[in-house]
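Please find the structures below.
Two complexes are shown next, each including chain A; its partner changes from chain B in the first to chain C in the second.
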Partner chain A sequence: MRLDIAPILSTLGRHKLTATLIVLQIALTCAILCNATFLISDRLRWMQTPSGIDDDRIVRLMVSDIGPRADMHARVEADLAALRAIPGVEAVTVTNSLPFGPSSWNTPVRLTRDQSTPSLEAAAYYGEAVGETLGLRLVAGRFIRPDEYTWVDDHAAKQVRGSPVVVVTQALAQRLFPDQSAIGRSIFIGDEELHIVGIVERLARAGDQSRSGVYETLLLPWRMVTAYGGGFAVRARPGEAGRVRQAAAAALKAVDPRRVIIEKRLYTEVRDRYFATDRATTVLLAGVCVALLVVTALGIVGLVSFWVAQRRRQIGIRRALGASRIDVLRYFQTENFLLASMGIALGMVLAYAINLLLMREYELPRLPFGYLPVGAVVLWLLGQAAVLAPALRAASVPPVVATRG
Partner chain B sequence: MLKMTHLAKVYRTEVVETYALRDFNIDVKEGEFVAVTGPSGSGKTTFLTIAGLLETFTGGHYHLDGVEVSQLDDNARSRIRNEKIGFIFQAFNLIPDLNVFDNVEVPLRYRGMKAAERKQRIMDALERVGLASRAKHYPAELSGGQQQRVAIARALAGSPRLLLADEPTGNLDTQMARGVMELLEEIHREGATIVMVTHDPELAARAQRNVHVIDGQVVDLAEEPRFHAHAHLANS
Partner chain C sequence: MFAYYLELALRSLRRSGALTALMILAIALGIGASMTTLTVLHVLSGDPLPGRSGSIFTPRLDPRGMRDFDLSENLPAQVTWTDGMNLLNARRARRQALMTGGAVPIQPDDPSIDPFFVSARYTSADFFGMFDTPFRYGQAWSATEDEQRAHIAVIGAELNDRLFHGENSVGRTIHANGADLRIVGVLKPWRPVPHFYDLNTTNYGAAEQVFVPLTTSRAMRLTRNGGVECWGEGSSDEEHMEAASCVWLQLWVELGDAAAVASYRTFLEGYAREQVASGRYDRPARAELTDVMRLLDEQRVVPSDVRLQVWLSLGFFAVCLVNTVGLMLAKFMRRAGEVSVRRALGASRRSVFTQLLTEAGIVGLAGGLGGLAVALLGLAILRMQPSPAAELAHLDPTMLAATFLVSLLAALAAGVVPAWRACRIPPALQLKSQ
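Let's look at the complex of A and B:
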């Protein structure tokens, strides 16, 4: 290999302005690319966060009942009975929230009754057998028993005191009791002391919470009612969610023809809506990256084409002095490799600077070192690809140009 | 060393065919110093570019150092240019972005020579042309005569067997031209074969042999009294 680095560098030194401009362009592209790929992969990972439930088998329905009703408990029981009767339905409940749903019901959790600042804000799920219906995986203890549930409205009106039990996620248990088993320990929600009877693997919360607390959720022993904003969560047999959705809407309508079905969605759609902005941002970022790469590639093509035209005679001279076509091709590719390397080196510093700024202004995580080679490799390849066409043109300059200009 | 028989070179454009060389015959022996003269447009440069493997020809035969060059591919031609031929052009043809040292180094790099040997040869060559002190200068910082001496150093550094010069003194004043000529003669004495195109009768006279080209053909001056007279006049 005859890599003529020294003379190429000194030639570039004689064309400082153009060389600097292209190096800066490569640096900026590299820096943005590193950060953007990091943000994109970070979002993609976030978008794949497991909800903890059987995503494909859950259907959510919301109804709005018109006019006053005497007994909302009886209505809920009737609705649930109607839904259970649908073939393909395995379980059904009314719940206040779903993972990555639109609204999260947050509640402060304390470890002692008189703790002044709560340990954390957990998202609470209400609804009889929510855990079983959604398909949560129990890792310790048990779910809440049927006899332990009280109606949420009775509870709110302080007519009854519910059983003092709660099921928490592993993440919550870890956070509250890092060193010992959480089973049997107490937490305080409001002024109520609740004993942890079970731990589930995970259950994501809804709403816009910080990602780190996404699994800090718990299940309370309260039966939810639709009048309090609860929705039906229906668990279908595998592959039957689509059909069950239609049948469920019809069944609810049959219970009371005047009511309005305001929502009937597969859980996967609920989830998709939640991540819609993330998806859009990802697409936008990817678009920006592609645009930036195209612009940089065109910049390289333009500059090298200009240089090839400008150096036509000296290419001819080099050919006359014994350079083969490959030598000429390699000259321009080496030159581009050097420019790209300078740009990449600068770009990595810049990437960290941009990342620091993002970390401070937008509380984004630190850029892992692993993303720097991504930008480097992409720009090296891009540079080599962009330079190919003009470099081939250079290689085809005939040696006779040396004598005839 | 260099033998062309019935060589033809046709330049074809969309409208015309120009016979730059036709039935061109020449035989330059190893170690000869040949001056090529002739009117403008007669085909001298064309002959030299073909002789130096810068261009292909249309018909006939060309043996360089015993090898029929029309059989060679581009890479082989590049290698022969690099190893056997040194060029000196009228317009010097230094690379403006490289300093004197780097300019002389260009052909040596294409030969894949080690850095230490390259340096040795470059400094020797620059020493010979009297420009060792200007190694870090750029061509634009040198006079025409100095630039041409750098070009000669570049041609010399690779120790070529054949030196091709196209009006090497065309852009120089008489005194500088004489200096260049002395250098060529010295190189010739050391064993190189030199073919030099020139318009200068005084320089042509100093060569061992003159070849006159008219309309793309080598003309024997002895058979053409008119030209003989002209050459004689020029030589005296």
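Let's look at the complex of A and C:
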């Protein structure tokens, strides 16, 4: 079997418009497909970013008390005691935020007292034993000791001087002290000098943040109060989070029946809410990819069918002159392959152009080269699948057609 | 004549059913996807105060300390208590309101019903007049009541429905945070989109349900919510926010015309210079007046994903259009014989062209109808998302009309080249070969 590309090209030359339309459609599909799948994989990876805590064992509750706020420390202690008494609860604290929660508390970090521009903006976590409760993994040093905590409201009112200790994440330590161990080094937050006593593996921040700084977080030696917007973080024994959530809400309500439970969520729900838009975008991207492939395939079927119908006589003549069915089939398959190849070549250029635009607007790396061959193979296969039915119809044109006028 | 074209078109469309269905499907999917995402963009980037937003400004100052001083950085969008009160009491604008967000626990009269929290806004009196909030019952309070720290409130329609079954509740009281507030007004349902006057509490969330004079809220120690930016020394304790070196209040002014804007700007710059001269401000005097739409733009309120989705769906639409052009070409050229017969019988090129475009137009209208179904479905799916912006995703009449118009135009545009090709078929040649 011999395939002549030259006659195919010359035929295509006489059907420039149709050929151009197929090429253009494949090119656009290729460009959008490459970028969309890249965005999908990028979002999927981001959605799986580890929070650094024991996701499925944490429950978050927020209460709001009614009436003048007197003696908030005692009330927090009473609430904590009530929560600790629940079977299945391992640890409990009041904290200002949770990884991938709705709001983050950011603070500029400096390396010297009078550094004019801060080194970075870190997300601060407050709350007694937050690290231990959430299940952070310590990689060096120690957590903050119970006697080192002071109440955050006393601290804000400048009634006490907090202990000069801080626990930071590995990411933060590496960014601030790239060359040496961060343990024992000091950082400045506001006007206070704090010594790094421990390093945790990772702890993600909350709120809308840039992805690169997601692990730039630290733990401060402040006891959080509910009146300052703190919520309870409860650590349940494995598999008991769901039950603990209900029991914890009931226990908090029992302490003061008039109070309002604003929120009672499993941590996994908190996390899901954070990534809801990413999930929606991913679904939309995937939906568009599928729709694109279907539309393009059907378009090719439609155009090639028309083509076959138009060239019925020529096909008949070829068959009468001795071309086999396979030859005719191969002819249309080769033609489609050539068109697809042209489309893919143009599509790759377009794909990179779109990628450059996306990189400017979004935190997106350059499109890896791996996507291009995959995209090319998908479109070649798509083209071949779409052309098969019309090409088979062409192959079944009997030679006798040539004799009809 | 048009009726004849229509009849021909319908007959031809019916004859090649699969091809027609394919074209309609392609246009419907492309239009539907584009309209879904464009509707979301349209809703989210809308003007919260149509016709008024150009005359509403937020005055901005720079009271921060010298640390991190960077001239290229934007001025804070909020003010300190001292500056806010000074500018409020200066009364240099037609209307001015100083405000912050919060949350208030409401205890229903019936003790068996649990207390619940509603979002609140603590503001001075002009809020209602300036933002043109619609009142169902009663009215706003006055500046005198601001000064007296009166225990009064304006409540939203939703809360009024919940507590008083939608009746006129003016004069009745709500028990908020252990104290009684007398209701002076009840709003009609009101939801500016975006929540422009305080983007720290929410971007697209609902408006607050309880409005209390700012002075009263401080005296009652109601819970405050929202963005706080602090600098330098000094306490940032909740109880003493008035003295704190923090910006945490939103200030809005209404300025009627360009002259008023210019004179307010002069006043504001003068105020900033005075503060520097008196030593209250460390940084060089800077002042700005930013109107509503500029602020929304600067704060990048519209999520970037929404734009991404728009581009994606437009790209998809482009593919669908190219597809439709190809299919139309196939369809029209297939009828070369019929066209040449009509031409030979005396039909002009123009009438053949018009007839073929009529066919394209019908495809466009059908595609628009399909696109509408796709868009409605897409928006219904979007509304199931948990974000507050999602529940706003409704097709409005403008977008509905646009769906049909764009679909019709797209199909006609897709039909032009194929129809042109077809109407140039020489009559004789095709007849001979038949």
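Here is the rule we use: the second predicted complex is superposed on the first by the 396 of 405 C-alpha atoms of A that agree within 3 Å, B and C clash if a C-alpha of one lies under 4 Å from a C-alpha of the other, contacts with A are read in each partner's own complex, and residues count from 1 in each chain.
The definition used in the following text is that contacts are C-beta pairs under 8 Å (C-beta built on N, C-alpha and C of every residue); 3 or more make two chains touch, one makes a residue touch a chain.
Note that the structure is predicted; figures quoted are calculated from it, not measured.
> Let me test your reading of the model: by the given contact rule, A:Ser116 touches which partner, first (chain B), second (chain C), both or neither?
A:Ser116: touches chain C, not chain B.
> Given the superposition on chain A, which partner contacts more residues in chain A: chain B or chain C?
Counting contacted residues of chain A, the larger count belongs to C.
> Going by the contact rule set out at the top, does A:Lys16 touch chain B (first), chain C (second), both, or neither?
In the superposed model, A:Lys16 contacts neither chain B nor chain C.
> For A:Arg145, using the defined touch cut-off, is the partner it touches chain B, chain C, both, or neither? Pick first, second, both or neither.
The answer is neither, since A:Arg145 touches no partner chain.
> In the overlaid three-chain picture, which partner chain does A:Arg237 touch, first (chain B) or second (chain C), both, or neither?
Neither partner.
> Let me test your reading of the model: by the given contact rule, A:Leu285 touches which partner, first (chain B), second (chain C), both or neither?
The answer is second: A:Leu285 touches chain C but not chain B.
> Have a look at where A:Arg45 lands relative to chain B and chain C in the superposition and call it first, second, both or neither.
neither
> Considering only the touch criterion stated at the top, classify A:Gly322 as touching first (chain B), second (chain C), both, or neither.
first
> Going by the contact rule set out at the top, does A:Asp191 touch chain B (first), chain C (second), both, or neither?
Only chain C; A:Asp191 stays clear of chain B.
> In the superposed arrangement, which partner chain does A:His73 touch: chain B (first), chain C (second), both, or neither?
Touch status of A:His73: no partner.
> If I apply the document's touch criterion, which positions on chain A are contacted by chain B in one structure and by chain C in the other?
405
> Where on chain C is chain A touching in the complex?
Touching chain A: residues 19, 22, 25-26, 29-30, 33, 67-70, 103, 105, 107, 114-117, 177-178, 221, 223, 225, 233, 235-240, 303-305, 307-309, 312-313, 315-316, 318-320, 322-323, 325-327, 329-331, 333-334, 382, 385-387, 417, 421, 433 of chain C.
> What does chain A use to touch chain C in their complex?
Going through chain A, the ones touching chain C are 17-18, 21-22, 24-25, 28-29, 31-32, 36, 39, 64-69, 108, 116-118, 153, 156-158, 191, 227-229, 258-260, 262, 273, 276-278, 280-281, 284-285, 288, 291-292, 295-296, 298-299, 302-303, 305-307, 309-310, 354, 358, 361-362, 405.
> In the complex, go through chain A and note every residue touching chain B.
Residues 2, 4, 6-7, 10-11, 14-15, 313-314, 317-327, 398-400, 402-405 of chain A touch chain B in their complex.
> Would you pull the chain B residues touching chain A in the complex into a rising list?
Those residues of chain B that touch chain A are 45, 48-49, 52-55, 74-75, 78-79, 81-83, 87, 89, 91, 93, 95-99, 102, 105-107, 109-112, 154, 158, 166.
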